[in-house]
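Notes follow once the structure below has been shown.
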Amino acid sequence: MLAMALALATTGGGYLLVLAVIVPVIGMLLSLVVGGRHAERIAFALMPAGLGLALAIAIEVWVTGQPLVYILGGWPPPLGIALRADGFSAVMLVTAALVIAAAGYFARGGFATPPGVAEKRAPLAFWTLLQGLWAALAVVFLGGDLFNLYVALELLTFAAVPLVCLDGRPETLAAALRYLLFALFGSVLYLLGAALLYGTYGTLDIVLLADRTAAEPLVAPAVGFAAGLMTAGLLAKTALFPLHLWLPPAHANAPPPASAVLSALVVKASFFLIVRLWFDVMPGLASAAVTTLLAALGAAAILFGSVLALRQARLKLLIAYSTVAQIGYLFLMFPLAIGGHPWSAEAWSGGVMQTLSHAFAKAAMFLAAGVVYEQLGHDRIAELRGIGRAMPMAIFAFGLGGLSLMGLPPSGGFAAKWLLMQASVESGQWAWAVVMLVGGLLAGGYVYRVVAPALDRATVALKAPASRRREAVALALALGAVLLGFAPPEFFDLLQIGRPVAMAALR
Amino acid sequence: MSGTGTLGTALLVATLAVPLALLLACLSRRLRNNMPALLVLAPLPGLAAALLALGGMPLAFDQPQLGISLALDVPGALLLGVAALLWSVTGAYAFTDLRGKTNAARFSVCWLLTLTGSLGVFIVADLLGFYLFFALASLPAYGLIVHDDDDPAARRAGGVYMAFTVLSEAFLLLGFVLLAAGESHGSLQIRDVVAALPQSPWRDAALVFTVAGFALKIGTVPAHGWMPLTYAAAPIPAASVLSGAGVKAGVIGLIRFLPFDTAMPGAGEMLVVLGFFSAFYGVAIGITQANPKTVLAYSSVSQMGVIAAVLGMGLAAGDHSVALDTAFYAATHVLAKGALFLAVGVTAVTAARRLRPTLLLAAVLALGLGGLPLTGGALAKLAVKAPLGDGVVGLLANLSAVATTLLMLHFLQCLARTAAHEQQAPAGLAVPWQAMALASVAVPWLLYPFAGGNVADALALAALFDALWPVLIGAALALALRRWQNRLPPIPAGDIVEPAERAFSASYAVGSAMERADGWLRQWPAAGLSLLAIAVVLGAATLFGS
Amino acid sequence: MSAAILAGLTGAALVGLGLYGLLTDPHPLRKILAFNILGSGVFLLFGIIARKGAAAGFAADPVPQAMVITGIVVAFSATALAVTLLLRLFQETRRATLEPDAPAKTPDAGVDG
Amino acid sequence: MSVIQALDIGLALLVLAVAGWTIAAREAFASVVGYVAYGLLLSLVWVRLFAVDVALTEAAIGSGVTGVLLISAVVRLRKTEAPAAAERPGVVLRALAAALCTVVAAALAAVVLLMPDPGATLAPEAGQHLGELGVGNPITAVLIAYRSFDTMLEKVVLILAVIGVWSLASDGNWGGVAGPRRGARPEGALAFLAQLLPPLGIVVAIHIVWVGANEPGGAFQGGAILAAMALIVLMARLTEAPEIRRRWLRLALIAGPAVFLVVGIAGFAIPGSFLAYPAGWAKPLILLIEAFMTLSIAATLPMLVIGPPDRPPS
C-alpha cells in the first residue's frame, strides 16, 4: 500500500497547502482589525501571493506527478487532519485565485472607502467576506477530512450569503435568506451522512475511508444511506435542478463581482466535494443507478435551465439560469468518468474542463452584465439595443463567454463538450451526447438574444460613464475561457494526477 | 526543408495569419475605420498558396503542439484559389459599396472573420481545426447579412440564418465526435478518421450526422430555407462571397469527409436522390420569384444539389476521383455565382439604356451555369459527366442543365427589370464586376487541366453539342414560361421557412409550460421535498444498485 | 434497551420532526427553529456513535463529541445570521416570507397574485 | 425495567413531546419557549450519554444564548405570523412531507439499531497522547490538538458570521453601537440579576476554562457563560454595547484564531509542523490558546445575538 502510506505523511512542498489556506485567513482577520480602506489594500496585497501559491502547488503536483500531502500538527489521520492536493485541487485553486483577483479588481471603486471616511459598511464587509470566501474555497479544495470539509462548507456559506445582500435591497435580503436556509438544510444532511460514516468506519479521512470502503464486500446500510444524504446535501448547495430554488434570485441580485464569484466558484465547491465523495471516498459504490440518476438530474438541469434562460426578461437572471443549465453539464461526467474504462479519463478531463471553463466564462458574463447595469441603470434585455457601441469590450466578453457556453471552438467549453461527448459515444450512452447538443443550441439561443440586439446601431442613453477598466477585466476572464481551449496535453496530464483509478496502478 | 517548401509553408500560414493580423489591427479605431480599403489584400496569400500548390508543390504545415495542422491538395487548391480571388475582388467592390455607410467597421470585422474561416476550411487537415474554421466561416457572417440594423427583413433573415447555422454546427459536432471515436489510435487528422470510418462501429451514425451538418450548409432541401432569405437581405458584396465562397465550406466538407475509398451504395444513392431533388426543387421554386437575388439563391440550391448528387455517385461507386471533379465544378460555381451577385448590384445603379453590356456579360455567366458551350459551366458539366454516367442519372443531370437554363433566363429577365433610371455605375463597382465576370469566363479554362480535364476534348464538336441542346431546350421552355409566368403560384422567398417559423412559435408553449413547472419546483416545500426524495433515492440506489 | 440506543432513536425521531417542520412551516423563524431541532437530532446521533465507541477507559469516543461541540457553535452562528437576515427583511418589507417575488410587492398588497 | 431505564424512556418521550410542541405550536412565541425548554432537556440526554462537555455546550449555547436570540426575534416578528400562515402548503404536500420524513427517520432508527456494539472508535488513539499533551480531558485534546484546524476554522466561521450580521446594518449606522436601540432601563428582577450574576458567572467561566484541560469544560463552555453574562448586563442596560468600529472589540473578536495562527506558524519553525506543539510546551500553549479562544467567544456570541448597529456612531 504505497499510495496509502504516501497519503498519510507530509510530502515535499506540503507546506504550500497550509500557506494557501492561512494566507486568506490572515488577510481576513487583519482586514477586520485594521479596517477602513486598509481592508482593500490587504486583500490586494495578498491576491498575488495567493495566486503564486496556487501556481506553485500546481507546478509541484505536476512535477512530482503525485498528490501533495500535509499532515496538520503532525497528527496523522485518522486522529488528525490532512490537507491534500491532486491535479483537480490544483487547477481549482488556480482558477479560484484568478477569478477572485479579477472580481476584486473589478470591485475596486465600487467598493472603495471614500476619502475622509474612516470606514464604510459595504467595502469592509465586501473585502473581508471575499477573503473569507477565498479561504473557505482553499480548504474545500485541499481538505482531506469530511468533517473538516463540513466546517469549510459552512465557512463558504457564511461568506457567500452576506455578499448576496450587500446592497440591502429587499429582494436581495429575501434571496439571501432563501439561500442561507436551503444551504443550511443541505449542510445538515451532509453532516448527518458524515456521522453515519464515522459510526461505521471510525474515520472521516478521505484516503482511509476509500481504503475501508474498498475492503468491504457488502455495503453497510448506514454507508448507503450516508452516501445519499451527503450527496443530496451537497446537491442542494450546488443548486442542481430541481434544487435550484435559491440560485437565480441570489446570483441575479448580488453585486456583480459577488455574482461572478458565486456562480464561478461557490457552486463548484460543493460539486467538487460530490466528485470527491464518489470518485475518491466510495468509487466502488457508484453503481450505474447512482450515476445515471445524477446525470439524469444534470440533463434535466440543462434543458430546464437553458429554456428558462431563454425566457428571462433580465440579463442577470438569464445568466443565472444559464448557470443552472451549465451545472447540469458537470453531472454528466458521473456515468462517464467513473470506473476504469478506456473513456473514463477523457470524461474526467471533460468534466474538470467544464468546471474550469464555466468558471471563467460565467464570471466574465456576470461582470459584463455588471458593466451593462452600471451604465444603463437597468438590465432589461428588451432595451439593450445598441449597447455594443457604448461598451464594446463588455459585449465582446459576454459573447466570448457565450461562445464557451455554447461549446464552440476555440474555447474551454468546446474542449469539455468534445471530451464528454466522445466519452458518451464510446461508452454507448448516447442520450447524454444528445442532451449536450440540445443544450448547446439553446445556449446559442440565449446568447444570441443578448448579443444580436447589442450589436445594432442604435443610440443609448448612458447613466454613467463607461469604465474601460471593468470592461477589460470581464474581457480578460472571457479570454481565459477561450485560452483553455488551447490547453496543451501536459495540462490534461495534470488533471489526471490523483484521479483514483488512474492512480490504482501505483498501489 | 527546401526553399520553395519553406515558401509554401509560409504562404499556408499567411493565408490565415494575414486576415487575422488585419483583425488585430481592427483593435485600433483609426485602422478599423480604414479597414474597408484593405479588404482586397486579405485573401492574397491564399491565392498565392493555391497557385503554388497547383504548380505541383504539396503544401503542409504541421504543429501538433499548437494543435494546428494545415495541408493543401489539388481539390483544396482549386477551391482556395477561386475563393481567394472572389474574396479579393469582392473586397474591392465592398470598399466602394461601404463608403459612407454607417456600419462599415463592423462589416469589415465580420468580413475578415468569415474570410479567415472560409479560406481556412480549404487548407486545414485536422478535425478540430476544420470544426473551428467551419464555425468561423458561418457564425460571423451574421454581421454581413444584418448590415442594416433597421431592416426587419435583414433581421429576420439573420435570425433564420443563425438558427440553421447553429443546427449545422450541432450536427457536425456530433458527427465529428463519432468520427473521432471510430479512430482507434487517437489521431484527429481528417485523413485518418475518414480512413477508419468504414470499419468504425459508429459508421452510419457518423456519416448521417456529418452529412446532415454539411447539407445544412449547402442548402440541400429541406435545409435550404435560409438561403433565399439570406441572400436577398444581405448587401451585394456579402451575398456574393457567401453564395460564392461561403457555401463551399460545406462542399469541401463533403469532399473531405465522405469515405470514397470504400463503396457505400446505400448511402451514396441516398445522397444522389437528395441532390437531384434539390436540383429540381430549386428551379421549380426559383422561377416563381421576382427578386433576382432570390432567384440566384434558388439557383444555388439547385447547383449544390447537383454537386451532392455527383458526390453521392462517387460514394456509391467507391470512386475517389469525384473529389477532384466536384471541386472543379464548385470552383466554377464560386466564380459565376459570385460574379452574378455583383451584376445584380451593378444593375441596380445603372440606367436601363446603359445596361446592355452588363446584361450581355451576365447572360454569358448565367447561361454558363446551365452549361452554355465554351463557358466555365460547360467545362464543369463535362468534368462531372463521367461519374454521373449515361443512365438515368446522366439523363437527370442533363435535365437539370435544362432546368438551370430556364431559371437563369428567368433571372436575366428579373435582373433587367431592376435597372435604375439615370445613372452610371461608379467605376469602383463596375470594375470589380467586370473583372470577376472575365475571371469566371477565363479561369475555368486555366484550371481545367489541373482537374484532370483535357481542353481539346472540351472543344470537340460532340461535346459542344452535348452541352448545347439542354441550353436550347431550356431557352424554349423559358419562352413558354414567359407566357405562363403570371399563372404561377406566389411563393414567399424561403418557401418552407414560414411554416417552420410557425411551428417554432408553437414550441413556445413548451417553454411556458416549463416556466410554470419551474415556478412550482422553486417553491420551498417542493424543493425541500425534492431534496429529501433525492437523498432517499440516492441512498437506495447506492445500497441496492450494485 | 440502553440509554445510548434510546438516545439514538430519539435523535432519529428528532431528525424526522425537524425535517417536517423545515419543509412545511412557512414562517422563516419556525424554519430556523426546525433547523435547530433537526441539527440537535443529528448531534444526538453523533452522541450515540461516540457512546458506542467507549474504549480505552473512556466513557465515549471523544472525537465525535468534539465534532458536536464544533457543530453546536456553527449551528448557533447560522441561527444568528439567519435571524438577523430575517429581522432585516421584516424591517424593509414588513413581511417575512421565503416565497419568490413576494417581497418585491408593496407591503400592503396582501393577497398573493 | 430498572428505574434508570424508566427515567431514560421518560426523558426521551419528554424531549420528543417538547420538540413536537415546538414544531406544531400555533404561536411562534410558544414555540420558542418550547425550544428553550427542549434545549435544557436535551442537555440531560447528553449527560446520560456521558458527554458532559457537550451537555454544557448545549445548555449554554444551544439553549441559552440561542434562546435569547430567538425570543427577542419572535417578539419583533409577531405581526408576520398571520400572513405567513396563509402560505402553509396544502394537505397533499404535507402528507408527502410527513411520509418522506418518516422514511428518513425510520431509516435512521434502523441504522441506530443495526449499529455494531462496540462501534468504531478513536478513543484509544485519542487517549495515547494525552500524556505528552499534558491534558486530561480527551475532548480538549481533540479540539485544541488533534483537530485544532477544525477549531480554528470554526472560530473563523464565527467571525464571518459577525461580519455577516454587521453587514446587515444600514450604511449610516455603520460603526455605531451594536444592537437595536432599547427602551428604558428595566427595573426589578432583571436589573437585580444583572448585578448579581456577572461576578458569579465570571468566576464559574474561568473555572470551567481552567479545569477544561483535565475535566469537562473548556473555551467554548466558558466563553458561552461569559457571553451569557454580557448579554444579561446588556439587556439590563447596565452598560451600552460597544461601538462596532472600536479597535479593541475587533481585536477581541479575532484574538482566538490569531493566537491559534501565531502558535501554528511558530510550529513550522520549532517542532517543524504547522499547529504542532513543541515537546514540553504543549500544556502552556494549549492554555494560552484556550484563554484567547474564551475571550473571542465571549466577545463574538453577544455580537451575534444583539445584531447590527441601529444608530450612527457618536
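Labels A, B, C and D are assigned to the chains in the order they are written; within every chain, residues are numbered from 1.
One rule holds for everything that comes next: contacts are C-beta pairs under 8 Å (C-beta built on N, C-alpha and C of every residue); 3 or more make two chains touch, one makes a residue touch a chain.
Values in this document were obtained by computation on a predicted structure and should not be read as measured data.
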Shared interface partners, meaning chains that touch subunit C and subunit D: A, B
Identity of the chain that, by mean CA position, is farthest from subunit C: B
Middle chain, criterion being Cα centroid separation: A
By count of C-beta pairs in contact, the leading pair of chains: C-D
Chain centre separation in whole Å, for subunit D relative to subunit A (CA means): 31
Between subunit B and subunit C, centroid-to-centroid distance (C-alpha), Å: 63
Length of the line joining the C-alpha centres of subunit A and subunit B, rounded to whole Å: 41
Subunit B and subunit D, separation of their C-alpha mean positions in angstrom: 71
Residues of subunit D whose C-beta touches two or more other chains: 89, 93, 97, 100-101, 104, 107-108, 111, 115, 119-122, 126, 146-147, 150, 154, 157, 160-161, 164, 168
Two or more partner chains touched - positions in subunit B: 522-526, 528-529, 532, 535-536, 539
Two or more partner chains touched - positions in subunit A: 79, 147, 151, 154, 158, 161-162, 165, 168, 173, 178, 185, 192, 196, 198-199, 202, 221, 225, 245
Topology of the chain contact graph, where touching chains are joined (line, ring, star, complete, other): complete
Touching residues (chain side subunit D, partner subunit C) in the complex: 4-5, 8-9, 12, 15-16, 19-20, 22-23, 28, 31-32, 35, 38-39, 42, 45-46, 48-51, 53-54, 57-58, 61-62, 65-66, 69-70, 73-74, 76-77, 79-81, 83-89, 93-94, 97-98, 100-102, 104-106, 108-109, 111-113, 115-124, 126-127, 138-139, 141-143, 146-147, 150-151, 154, 157-158, 160-161, 164-165, 168, 220, 297, 301, 304-305, 307-308
Subunit B residues touching subunit A - in the complex, by the definition given at the top: 65-67, 102-103, 106, 128, 131-132, 135, 139, 142-143, 146, 149, 158-159, 162, 166-167, 169-170, 173-174, 177-178, 180-181, 202, 510-512, 514-515, 517-518, 521-524, 526-528, 530-532, 534-546
Contact footprint of subunit B on subunit A as seen in their complex: 178, 182, 185-186, 189, 219, 221, 223-229, 231-233, 235-236, 241-245, 248, 282, 284-285, 287-290, 293-294, 297, 303-304, 307-308, 310-311, 406-410, 417-418, 421-422, 425-426, 433-434, 437-438, 440-441, 444-445, 448, 452, 455-458, 486, 488
Subunit C contact footprint on subunit A (complex, rising order): 79, 147, 151, 154, 157-158, 161-162, 165, 168, 170-171, 173-174, 176-178, 180-181, 184-185, 187-188, 191-192, 195-196, 198-199, 202, 245, 249
Subunit D to subunit A touching residues, read off their complex: 107-108, 110-111, 114-115, 119-122, 125-126, 129, 145-150, 153-154, 156-157, 159-161, 163-164, 166-171, 174-175, 245, 247, 250-251, 253-254, 257-258, 261, 264-265, 267-268, 271-277
